[in-house]
Structure formats: structure tokens, C-alpha cells
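Since the structure comes first, as C-alpha cells, the remarks are kept for the end.
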Amino acid sequence: MTQTQNSPTQVSARLGANNYGKAEVKLMKVFRDTARHEIRELTVRVAMTGDFGAAHTHGDNTDLVATDTVRNTIYGLAKEGFQGSPEAFGKELIAHFVKTGPRVTGGFAEFTEFLWERLQVGGEGHDHAFVRQMPQRTVRVESQDGQTFQVTSGLENLYVLKTTQSGWEGYLLDERFTTLPETHDRVMATFVTCKWEYLDGSVEVDYDDVWARVYRQIQETFTDHYSPSLQNTLFLMGQAVLTACPEISRIWFQMPNKHHLKYNLERFGLENNNEIFHVDPEPYGLMEAWVERDA
Amino acid sequence: MTQTQNSPTQVSARLGANNYGKAEVKLMKVFRDTARHEIRELTVRVAMTGDFGAAHTHGDNTDLVATDTVRNTIYGLAKEGFQGSPEAFGKELIAHFVKTGPRVTGGFAEFTEFLWERLQVGGEGHDHAFVRQMPQRTVRVESQDGQTFQVTSGLENLYVLKTTQSGWEGYLLDERFTTLPETHDRVMATFVTCKWEYLDGSVEVDYDDVWARVYRQIQETFTDHYSPSLQNTLFLMGQAVLTACPEISRIWFQMPNKHHLKYNLERFGLENNNEIFHVDPEPYGLMEAWVERDA
Amino acid sequence: MTQTQNSPTQVSARLGANNYGKAEVKLMKVFRDTARHEIRELTVRVAMTGDFGAAHTHGDNTDLVATDTVRNTIYGLAKEGFQGSPEAFGKELIAHFVKTGPRVTGGFAEFTEFLWERLQVGGEGHDHAFVRQMPQRTVRVESQDGQTFQVTSGLENLYVLKTTQSGWEGYLLDERFTTLPETHDRVMATFVTCKWEYLDGSVEVDYDDVWARVYRQIQETFTDHYSPSLQNTLFLMGQAVLTACPEISRIWFQMPNKHHLKYNLERFGLENNNEIFHVDPEPYGLMEAWVERDA
Amino acid sequence: MTQTQNSPTQVSARLGANNYGKAEVKLMKVFRDTARHEIRELTVRVAMTGDFGAAHTHGDNTDLVATDTVRNTIYGLAKEGFQGSPEAFGKELIAHFVKTGPRVTGGFAEFTEFLWERLQVGGEGHDHAFVRQMPQRTVRVESQDGQTFQVTSGLENLYVLKTTQSGWEGYLLDERFTTLPETHDRVMATFVTCKWEYLDGSVEVDYDDVWARVYRQIQETFTDHYSPSLQNTLFLMGQAVLTACPEISRIWFQMPNKHHLKYNLERFGLENNNEIFHVDPEPYGLMEAWVERDA
């Protein structure tokens, strides 16, 4: 068991910011209190921060929580600690590791929740059968002390498209590299990714309800205006979310412009009245912005 | 321009079955006859068969249709030829290439259709805004002569799960390598992939309507019985489809058993009454079978 | 435990061709006979065929091998039965299930082998440290009786490119939908996927050695000629393989034409002498062909 | 063209940090000055920052650079501006947009470089034929003013494994949720992702050469010690990089512990002397740390 970290030929190095834990833990919980079951499915990552210097610099694992223990703990605590939102479960998890890990002082938990709807049978949602949906809910809970928490919630993989009421005009045209023609009628499509933070003091947030309100605002705002740019639609979505959710302080969006290019059919003697499109997978315009409450 | 295919040191080789064409053509068509738009999005592959020997063996491209031409043709014919189902569009495409390609005698077209639902706004489906769904529709149309066609339709990526009314018992236990305990209450989950063929003479098939009926039968059958095995559920699904769809001669399913493993919490002093599961991504049981009409 | 398969409203259905087993079993074997270790990593699928009618139609699991048992068996037999090639291991596996599964009469095993090279340290391959390579080896072994086997070997994910000595000319130009200009100097790039079959009676095939010869022939042939089409290069590769490998009866290739499109810089007052390319991920030309020994 | 952003029912919102640009631009450049060609392939993202408030809040696109123009510019500037490293090209791109975009004050460019090696023919690297490698090089160049730049370089997708000289012992065992046994001989495998920053004043960095040195140090360090933990190996890699590369101020690693679980063969009457492993895709331990120069 020879180690070379003290080799005289090596420069002196020190450990900077670091964390470790378990990622891609796949958890499903079935709530079966009544015959009408509920399910929640999460992919979980837990990372711990603290005094891990000796492990890194000298291979001394004393008092380290094994990542396998982290995995067991996630499943174990899910039994009692995962009753409501992933946000609340994240707080439970971090608080636990700060309490039980001798060297752990903080950490973060990240969740991707896969959404399931009840299967429709005879027009009604089934008691115990479900079908997976495409969008996902995301959560990140972070803490420096295991007692106070910074919560970020989000959604991903919501793919929306509209066939009209969108354009792109009035931009910089005198550039050597500009070849795109202006349009006031195009297909607009985007994968919405967003995340939001909460106002300080919002200790009693109903995270599930906030998520549902954000989800609805984003979809409805996507449809309620002529869009002169994805940037403007992004801003309007943010404003609608802040209006509907007083718990939220600010929201960030990442929205690719999934280009639907009108195929040039005129070459073949055919008209293309915004009917036939090439769905171009790449490259895509990519917009990122925070929309914040104007104090 | 030196070619080595006639090198004396090479054995004599001949061309066997072959085809070529264009794959991953991304097409969206917007139907805007009224203010209530419709959209259909397809990924298309078209492959041609015929007398392509000279191109392979001697690099002689005479009379060959370029794959770029195939691409243009898919977009061009979509304008007039894609009015209804992908199945009908596939026939148009193959017939076209047999007619216009001097060396083309047949071929096949394969489609993956991405499904979009209208965005719900105020409880109603929007006129021109849509949200992508997870399941996909598949189609394959093949022809040897450009006039008669073999059609296969299918669906993919339908992820269903039930939390009870499923078990696995009575199997072979005396095998050296058997360690799995029997159960009569487990979570059952699967990604349904299936494809079906049509009875000869079914020239007037309403392919869109058949697809909708299959889709509903599969979901409802998944819920309507205690499942002693994924194999039995597969068969019952097939039987239900054949019952609801007299147009279909036989249907094939591929269904992975996406294992949800009850996590051993007893080690930690906790009970696990089918509540806490590890969703194991792999390996998975995999079942494939044809279910056929009993003449 | 109610089952609906005998519902009077259901049509009469019968089970057609079917199989079941385990997929995505991830196996690594370390050969540590000497200090210079060897490793082989496989993803394994084993599917069994036989008399599985009662399980499908009546939920009767009697004498069925559980897929969990299949998993255990793959790891268990790897200890003694996986000494050489995946092809030989596949025969062991199928023979085992035919022998031990009361209802099993045949089946198939499919492998994807991930390739590892020794890490280079000081110019030499390390004894026990490895780095993953991109190409993969594939194997399929099938049997109807557990005693005679059909073996198919292959390779995947070999991405090769050449910057010159390739063109596409002389094709059909008078088609309404043809817009592509001819070229005698382009970038040619493809992901090679291929599989091959063996001559009957080749009972003593050294599968590892054949694979290495095919792998080398494909790479060298890619470079040794001006390519007038991907079809011609495909054929020449097949001919070279058949020449170098008398064990092989025929070989199939699937080769996408990963288009590298010369970007139009003339619009910006710049020349583009085959220097600046857009690497278009889709669509792509797709060629498939068998090259066979000319008896 | 009705816009709802001024609806009286909406709360007052303001735009926070934001950027936009083009992502997933696929660029290949062929250097053909001599018959021995060179190639470089990049996926490029360019994002601009600046005064984009009016576009977001009022749909006013005046003086905005279209993302399509960004795309054209990337290909156009590649002709003259991409002669050496992606890092230098990134500086060119950002400086260009700050200069030509009336509202642009800064931005960032991100690159993933795909690595190609010369195809080996007769033991020598070919002049113009190449084969794709698995690891990738990453670059991020950021600027607030278009004149001074923060450069981060990195590598990804380097999958290394060793079959011995690794263990995990001495960790916290008295935790309720600890079930993992200690070991001093295991398989260790990881996908190395890392990125590094440069010392201020290192204006004349040879980025390509630094990358090659880092790449070699990581591979060699992986092999040169008994690893008591992935954390310790991570630190030793960082120290080796800092020693070999005086240009680098600090380096960050993200290393998953790709678990190779010894399969329990004792249940089947077989020994498993670290020979037969299940390669578990998830969950995995995940380590992240900065290693910094000790001033």
C-alpha cells in the first residue's frame, strides 16, 4: 500500500471546494393507505460537504459515510420522511447526514421526479394503474448547516409548439453574416426548462401546489399572445408565474428555439404556405434569463 | 481515380440483398384549412431496392437516385400525398420511386410519428398550440413492385405501471440458479412496443382509427385482470386487440419487465409493505410474442 | 384473481412465435491467472424458445425458468464457460437452458462486447489498467435444438472519416426533385455496422482472430481507393473481408453517409476550398447490403 | 399583434441576468496545406450578454443579432480565426460579437471537441483518413468586455478501469444504514470529467500542449498507486496535473464510481475470486473536488 502523494517531485497542492455522495438512486414510493393508490418516482442525488480533507490528501477514510450508506439511507428515510413533496424530503435527507456524519456539515439533494397520470379506463382514472408522462419536475435543496435550506424547484422536458402567432422581425440586418429573412408568421417550438427560488420567510410553502400553478401558467402564457421573439415569450411566462405564485421570488428559463424550417418547395413548382417544415434538430437558438420580482 | 476491386489477390464476391435511401428525415405538416390547425410530425426513412449492382461492384452511378433527391421528394410529396395516415403516405412514396427511378423495383418506408395533443387552456384544447406526448406511432410500408404493399403499424414508448394485481408464482424452483422468491403482489411496469399486420383484402383500412382502438385496448387490458405473468398480460392484450380490430390479422409485442424491487428495509428495523422500491433499470426480463387470429 | 381471457366477447386467439429471457445483463470477467490481467465486458441477452403456451394463454407458469434465474445463470456459467470468445459462451448458455429448462427447446444469446485497451504508461501497456474504446463487437448465437448453432458476429460504432478521395457523380439528374450538385472531392464519413456468417462446417473457427482480421480489413479498405459512392466502398470492404477470412460465407453492412456539408462562405466574401464543413447529424443516406462469396 | 405584458392584473417584473445565442453548431475544419491533412471537429455554443431588456419586456428586436447570424458567423470566422486551439477561436468569436453587436457587451463560447486519430494502415497513420476516439476535449471562454477573457479547459468521457490496487476501508461502520463490507481489493472504474483554470498572466499558453499533458498525467496517475478511495486518486491526479502544468492554477474533477459488484456465486457452489462482476450502471458514488495550487 504505497502512496505517492508525498513524492518530492510533486508540487504542493491543497483541496478546494468538494463534495461526494450518491447519484442516480432510483426510488419509487407507493402510497397505499386506501385502494386508490398514489405513486411518486424520483431519481435522487445526495452530496455531502464537510471536513473531507484527510480522505483526499492522505487516503484516511476515518468517519466517512460510505456512498453505499447514502443509498441505503435514501430508501430507509423514504419510508417515514417522504410523505409529501420532494422538497421536504430533501430537507430530511440533508439534516440526517449532518446529524449522523461526523465530518458532514452540509450538502445538497437533487431530485428529478417522473410524472405518472392515472390510466383512463371507461373515462375515469384507474385506482392503481398509471401511465408515464413526458415532463419532469426537478428539485434542489441545499444547506450549509443542516438546519436552514435553500430550495430551488423546476420543470423540464415540456415540449410545446404553436403553428402561428409567432414571428421574428426588426433585428439587425446590416451585418455581413446576416442571411435570415424576416417573418411575422412562423412555427415556434421549445423545450421549456425552468427553475425558481422562493421568497425568504416562505416557510410554509405548498411546493406541490406551486409546481402545478407554474406548470399551468407556462402553458397558458405560451398561447395568449403574438410572440415577437422567444425572449419576449420567456419574459411573459416569468411575469405570469410571479403573478400566480406570490411564494416565488424569481424564475429562470432556458428555452431552445427548436427551428421548424419552411422547406423550399418552390424549386419543385409547389407552394408552401407554412405547411411543410423540416424539423431541424440542431443548431438551435438558446435563450436563458431570470425574471425577477420588481421590489 | 484508381479502384482496387479487380485486384487479382481478391476473392470473387457478389452483391446480395441490398437497399439504400434516406433516413432520419424530420417532417412536420401543418393542416391549416381552418383556424383550428392540425399537425403531424414524422421521422421518415425511405429505402429503395432494385438493380444497384453496377454501383456497388464498379462504382457506376448511372441512373441512381441520389439520397438527397429522396429527401427532397419526401418533403415535396408531403404537400399533396400526405393528407391522411402515414400508411397511405408510405404507399405514395414507394410508388413514386418505383415509377421515377430507372433502376428501382421496390422498397420500404418507415415512419415514427410523434404525437402532439392540444394544449389545454381554460379547460379546452387550443386551436393552434400543442404539447408533445411520450408514446409514438410506427409504420412500415413495403412493396416489391410499387403497386401492392405490405403494411405494418405499431406503437412504442407507452410506459405503463400498476401497483398491485400482479404476481409471479409456480415457476421452476429446483434449478441450481433459482434464488427469486415467489410473490402474488408486486409492481408491474413495462414499456409496450407492438406492431400489427392486416388481413389480406383489407384495402379500405382506416389506419388512424385502428391505431386509436389498439392504443385503448392495450391500456384497458393492462388494468382489467390479475396478471400472473407479463406473458399472460401480453396474450390478453393481443386477444383484446384482435377482438376490437377485425382488420388486424396478428399482433406482436415486445414487453420488458421493468423490475421494481422491494428494497430490504428490514435490515434497518423498518417494514416495507410494498411501499419503497428500487426501480432497476437493468437487467430486465424481456418477452416477445405474436398473438394471431385463430382461423 | 379473476382472469378475462375466456370472456365470451373475445375472439379466439392463438400464440404465435414467441420467446422470453433476460436482457441488458452487464457482465465483466477478469482473467487474473498472471499479474498481467485480461478483461472482457459483455452486455448479454438470452432468450429461450419452447413450449410456453400455457403461460401465455392460461397464466400457468409450471416448469417455466424465471428470468431472474437466467440472470443468475449467466453470471454462474461465466465462471467456467466464458474462457474464450463470446461466441463459445453463447453456445454454452443456450445448451444449458435447453438441458435444464423442461419446456425449453432452443433460443438465442446476443452479446455486445465493450472493448478495452491497456492504458499506456511510459510507452507500454499496463498490466491491470485499461481504457474503454469506442467500437463494439457484437455476437448472436441461435439454436433450435441446443446442439447445433447459427453464429453471427459483428462490429458496431466504428466511426471513420476521410477528407478526400471520395465523390458522388454520374447519378440521375433529370428528376424533378434533384438539386444536389455533383462532386469528385468531398469528405466521406460513416459509422460502420456489420455482421457476418460462417461457412458450414467451420466448427473450429477462432472467432477472436476472425474479428481482428475483419476489423483491420474494414479500416484499411476504407483508405485504399477513390470512393465513387459509399455503396462501392461497402462492396470493396466486403470483398476484402471475404478474402482475408475464408471462414466467412457472407457479410452485411449498414453504413450511414454522415454528411459533411461544405458551408456556403461565398455569401460572406470568403472562399471555402473544402475547409469549413457543417457536420449534419440528420438526415443521412443509409446503405445496407450483403456481400457474398461467389461460389 | 396584441401583447399582454402590460395587463393590469400582472405583477411588476424585471429582467435579471440573461444571455442568448446559438447552440449545437457542428463545425469541422480540414487543414489541407499539405497532403497530410489535419482535422478538428467542434460542437460550438456562443451566448451573448448585453442590453437585451427591450426585446424581453417589449418585444423590441432593434439592433439584436439573430441567432442565425451567430451560426453564420461561427462558420465564417472559422476560416481565418480557427487556426490553432478552440480557446483562441473562442476569444475571436466573443470579441467579434462585442464589436459588431450594438447591444452586446460580453458573452461566452463553449466547445466540445471530438477527437480523431489517424487510421493505422500498415503500421502508419494515414494522411487523410481518421477514426473517432471516445474522450472529448471541452473549452469555455468568457468575457465581460470582449477584451479580457476567462478560459476554462477540460476533458470528458475518459473511461478508465483497473482490476486491482484499489480498496475502500476504514469508513464509518456504526451507522444504522451501513451494510457494505470493507475491501482492500476491488475493481475501480470511472469516467473522468475535469476542467481547469489558468494562472493570471499566462497570456501565452499553448492550450493544445497543456491539454495533452493533463491527459497523460490523469492516465498515468490512475495507475501509479494503491487507491484507498476515489477521493484520494482524484487528489493525486490533481497534484500531478499541477506539477506537470505550471500554467494551471486549479483543476476540478467529477468522477463517478462505476461500481463493479462481485457477483455472489457462492450460492451456486462456485468461488468468485474477483473474477465475475456485475457492472452496475446506477446508482453510483459521485465525487467532485477542486485541487488547487498551494500558494
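As written, the chains take the letters A, B, C and D, and residue 1 is the first residue of each chain.
FYI, a residue touches a chain if its C-beta (ideal position, glycine included) is under 8 Å from a C-beta of that chain, and two chains touch if they have at least 3 such contacts.
Note that the coordinates shown come from a computational prediction; the quantities given were computed from them, not determined experimentally.
Listed by label, the chains touching subunit B and subunit C alike are A, D. Listed by label, the chains touching subunit C and subunit D alike are A, B.
When chain centres are set by their Cα atoms, the one at the greatest distance from subunit C is A. By number of C-beta pairs in contact, A-B leads when B-D and A-B are compared. Mean C-alpha positions place subunit B and subunit D at a centre distance of 36 Å.
Computed centre separation for the pair subunit A/subunit D is 21 angstrom, with centres defined by C-alpha atoms.
Look at where the CA atoms of subunit A average out and do the same for subunit B: the two points lie 30 Å apart.
Each of residues 26, 72, 76, 176-177, 179, 224, 267-268, 281-282 in subunit B touches at least two other chains. Across the complex, subunit C meets subunit B through its residues 1-5, 9-26, 45, 47, 52, 55-69, 71-73, 76, 100-102, 168-172, 175-180, 224-229, 231-232, 234-236, 238-240, 242-243, 250, 252, 256-257, 281-294.
Within the complex formed with subunit B, the residues of subunit A that make contact are 26-32, 37, 39, 41, 72, 75-76, 78-80, 116, 119-122, 126, 128-134, 158-165, 187, 219-220, 222-224, 260, 263, 265, 267-268, 270-281.
Those residues of subunit D lying in contact with subunit B across their complex are 176-177, 179, 267-269, 281-282.
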